[in-house]
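Next come two complexes built around chain A: one with chain B, the other with chain C.
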Partner chain A sequence: MIAEIFDALQYAFIQRALVAGSLIALNCSFLGLFLVLRRFALIGDGLAHVAFGTIGLGLLLHSHPIYVSVPLVMLASLWILMISEKAKIHGDAAIGLVAALGVATGVMLASVGRGFNVDLFSYLFGSILAISRGEVILSVMLSLVVLMVIVLFMNDLFAITYEEEYARVLGIKTRRMTSMLTICTALTVVLGIRVVGTMLISSLLIFPAVTALQVARCFRTAIIIAAASSVLSVVFGVFISYLFNLPTGATIVYVSFLLFGTAYLCGRLF
Partner chain B sequence: MKVLEAEDLSVKYQDAEVLTGVTFSTSSGDFLGIVGPNGSGKTTLVRCILNLVPAAAGSVRLFGTANDRFDEWSRIGYVPQVSDGRKRGFPATVGEIVATGLLSRKRFPRRLTRKDCQTVDETLELLAIQDLKGRMIDRLSGGQRQRVFLARALVGEPELLLLDEPTAALDPSMRDQFYETLIAFSRRGGTVIIVTHDSGSIGRYAATLLYLDRRVIFFGSFQQFCRSERMTDYFGEHAQHLICHQHEGGALDR
Partner chain C sequence: MKSRTCLAVMLSLLITVHWGFPVHATDDPGPERLQVVATLFPLFDWARIIGGEKSDVNLLLPPGVEAHAFEPTPRDIVAINKADLFIYTGESMEPWVRNLLGSLTNRSLMIVDSSEGIDYMEEARHEGAGAEGQGRHDSIHDHEKEAARRHDPDHQHSRHHDKIEGHHHDRHGGKDPHIWLEFGNARKMVNHIARAFSEKDPASADLYLSRAAEYNNQLIQLEKAYEQTLAGCRHKTLVYGGHFAFGYLAARYGLKHISPYQGFTPDAEPTPKRIAELIDYMKQSGMKAIFFEEGIEPRVAKVLGRETGAQLLLLHGAHNVTKEEMARNVSYLSIMEENLERLTRGLECS
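Moving on to the complex of A and B:
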């Protein structure tokens, strides 16, 4: 089996999948920890639904779906924040509302532009092994931007996540930070769709965070565990799916669940 | 020097006026107790001072600057009302939480240095909670957590300390210790503003009283409060002298 894994590593598509997948997973783990602790984890799911609609639009316009999705999903993320503040709708309801509109748009566009349904539905469950060189370069660049933003604002995000009102008294621009976190999530969700698909992207955000929360006793450890478990999920997921000819996105989710279960048991035992 | 000036301050939640025409001020070294019954607007007043809720009318000045333009947040230490439940399982140690109190002194990218860690250690030592540093904040008792939040407010060496019901979870001996720290801070020239519903004991520690019931019922020293006939009419003689704490160990000396 080890020989087969080394064989797999010779393939450019496996290399691309590992590089892009690991970086996107790393972003998801950092963002997911903040989102889960702020009870805002389902925004990933909501934005993925929006991305379903924007991918449909991209296919209809014969443009690359990712290029169309990045700006539109970022705008949708800000819209979720705006309606949850201004329209006095709770975050979960705002996410549900925008997500439903996203899916409705996708279905509507699929109906109008007959012929690309197969392409559109391939985005539902991801196709990381089919990721192109251009997509890898875009994913790596955008992931590094998101990573840099998170690292630079780590202390601000930590303060806001623990106690938003107190963070304001520290002089932290909490609203701006929340918008930034949401935009970074939007960007990561769009990139992550290639890894696990719109249906499963929230797992990349939620699983590493909840895995870390089972065992971490300080924030630094939580970040490290979340990052490690997300990268391990993608790496193992890619190899297992290659070796046993399984769907990669679903395999990544199963590995994530396995790591969560292990962390849960460790948290109870120690 | 005036540290805080509130003038004709009113706050509304939707259409209901929660505070009406509140005017008071504090100077360096003052120890002000804000007292009032439940729902009297004490927490709202503190939050309005910190520009966390907008004023419907009137103004607040912090160190001479309108609070909506104020940006020298390192001059203020804040201990918010304890709100448990929301942060269950939060993976943070006491050391990490106290260190966030230093962020107001930092500019982008707000990195914490080795010296900052020493400052955190010194503050924890000052409050005799050094042993809690590595403990998870979630696993502390209410009283321990309050002392941690006081450490977080003090670590940045502020000039004004605003505390909202900080002694609610403390037992009497811990409460005395808590107030001693505040008195020491005040003696060093710091200003303390503390919100409490414990009108019976605040007079033992604070020098000035603001009694609030959606508007200012009384603002002045405890001696003035003790001698105020208006307060006798408002509270009755017994309650007035329970609050004033001017007659410790003896009969009323009016």
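Moving on to the complex of A and C:
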């Protein structure tokens, strides 16, 4: 078994899956913690739908969908935030609203453009086994940015997540913080979808966070547990899927679920 | 209030429907041009060659739409209702045709199932490429089985039965629907189309049939070129990074094929072990090319290419063409000629 794992490590695509996958997972686990606490857990799925909408536009503008997707999905994420603040709707409903609109836009524009020339989904949605070198570099840069934001503003982010009013009294620029968090999320989601696919992005945003919240007693521990469980699930997921010849993305989701189950039991027992 | 809205909707629907039909009944233009609707690109190509100036051929699939995902819109159905000929590939390629036929009101429409008389192969499953690096090729085996079954007196019955039963599990019904990618089948399909044209327009029957015969000669030429070229190749196995549409062609020329995907669905994720096996296989056999399908970003093929240094070559399944290809006037023949060139390069044929 150990020998087989060493075999697996010789392939560049496995190495890439481990490196880029772990980095994206790390990002998602940090952001996921704030998102889950603020009831924005499904934003990964929601923004994936918005990304679909931008396919139509990319089609009309004859440009690679990713260039259109990144700015537009960022805007959409800010819009979700605005709706949930201004219109007295909870985050989940705001996500649903924008997501539905995104899909409708995609269908509408695709129809206006008389069909897709190629299967654009394959350009927008990636797979953890098919990561290119460019995408590895992209994941490294992305995680540097997100990590910097989290480390620099850790306390502020924590404050606005638990008690927004109090944070405002303390003089924290809550709006700016929230927008920054949302933009980081949008960036992670769009680029992450391109690198590891929709299913993994939404599971990596939710699982590590809920796992950590089962056992953690304070916010710092929660962040550490979330980060550890996300990276563990990717690494174990990749190796298990290699050893037992299973699809990798789905295996990672199962490993995440297993970690969550363990955390849940631990949380009850101790 | 509510019922009034309802009534208004019903009325406007009625008016629309009423306007929909007389166009066909009364506004018939004097000089008869056969109105033809074809589902897939090869059928469209053949119909426009056979019909020539005597027909208006429309491709039902808009350029670039993925063939397996297509379903007709209401306006498509109206167009079919106004046509003289409707040509489709076969039950397993276009399962929606069966439902569509039930809803048609056009009694003079002639429906051409171009797969009539063609023996379907079982869908190829890409297992194997085992430890010794040899792809076990199911479809050759299936082809033999199919040939044996042809002598079976109950064959017709059993095939029909399979067709219906196969409908339950997946979109292809367990049959490989890509029949047009083998020249013997293609000739049969061309003949079906020509015969349908002649029946609809007996006055020009000779013209249609002679055009079909001439075209079939071109197909035979190309078939010979394939036979000669593919007989002398260094490699006998195609590494394919997509859903493999060339089962008939591969079986015909004794080629094997392996793919990272387990079944036919391009959406299913390949497993890492499978990809690793393919990389090892390509390295061992010294294969310098990997083929990919049209219309998608070949991500998995790119992975294989990066690991082995093999080049990526397009093997065009001709389901449908892009707008650009349509503008460049590609044809079934030109696509197949280009495929042969790339096969020659990829399999290192002399």
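Methods note: the second predicted complex is superposed on the first by the 220 of 270 C-alpha atoms of A that agree within 3 Å, B and C clash if a C-alpha of one lies under 4 Å from a C-alpha of the other, contacts with A are read in each partner's own complex, and residues count from 1 in each chain.
Heads up, the rule we're going with is that a contact is a pair of C-beta atoms (placed from the backbone, for glycine too) under 8 Å apart; a residue touches a chain by one contact, two chains touch by 3 or more.
Quick caveat, the model's predicted, so the values are computed rather than measured.
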Notebook entry, point to check: What is the contact status of A:Y242 with respect to chain B (first) and chain C (second): first, second, both, or neither?
Noted result: second
Note to self: Under the stated touch criterion, which partner chain does A:L181 make contact with: chain B (first), chain C (second), both, or neither?
What the structure shows: neither
Item checked: chain B versus chain C as contact partner of A:L72, first or second or both or neither -> neither
Margin query: On the A-aligned overlay, A:G126 touches which partner chain: chain B = first, chain C = second, or both, or neither?
Written below: second
Next item on the list: Considering only touches as defined above, state whether A:V189 meets chain B (first), chain C (second), both or neither.
Entry: neither
Item checked: chain B versus chain C as contact partner of A:G171, first or second or both or neither -> first
Next item on the list: For chain A, give the residues common to its interface with chain B and its interface with chain C.
Entry: none
Next item on the list: State the interface residues of chain B toward chain A in the complex, per the touch definition above.
Entry: 47, 50-52, 71, 73-74, 76, 78, 80, 87, 89-93, 96-97, 100-101, 103-104, 106, 108-112, 134, 136
Margin query: Under the stated contact criterion, what part of chain A meets chain B in this complex?
Written below: 37, 152-153, 155-156, 158-159, 162-163, 165-172, 212-213, 216-222
Item checked: chain C to chain A touching residues, read off their complex -> 61-66, 268-276, 279, 295-297, 299-300, 302-303, 306-307, 322-324
Notebook entry, point to check: Taking the complex as given, what residues does chain A use to touch chain C?
Noted result: 7-8, 11-14, 17, 114-119, 122-123, 126-127, 129-130, 132-133, 238, 241-243, 245-250
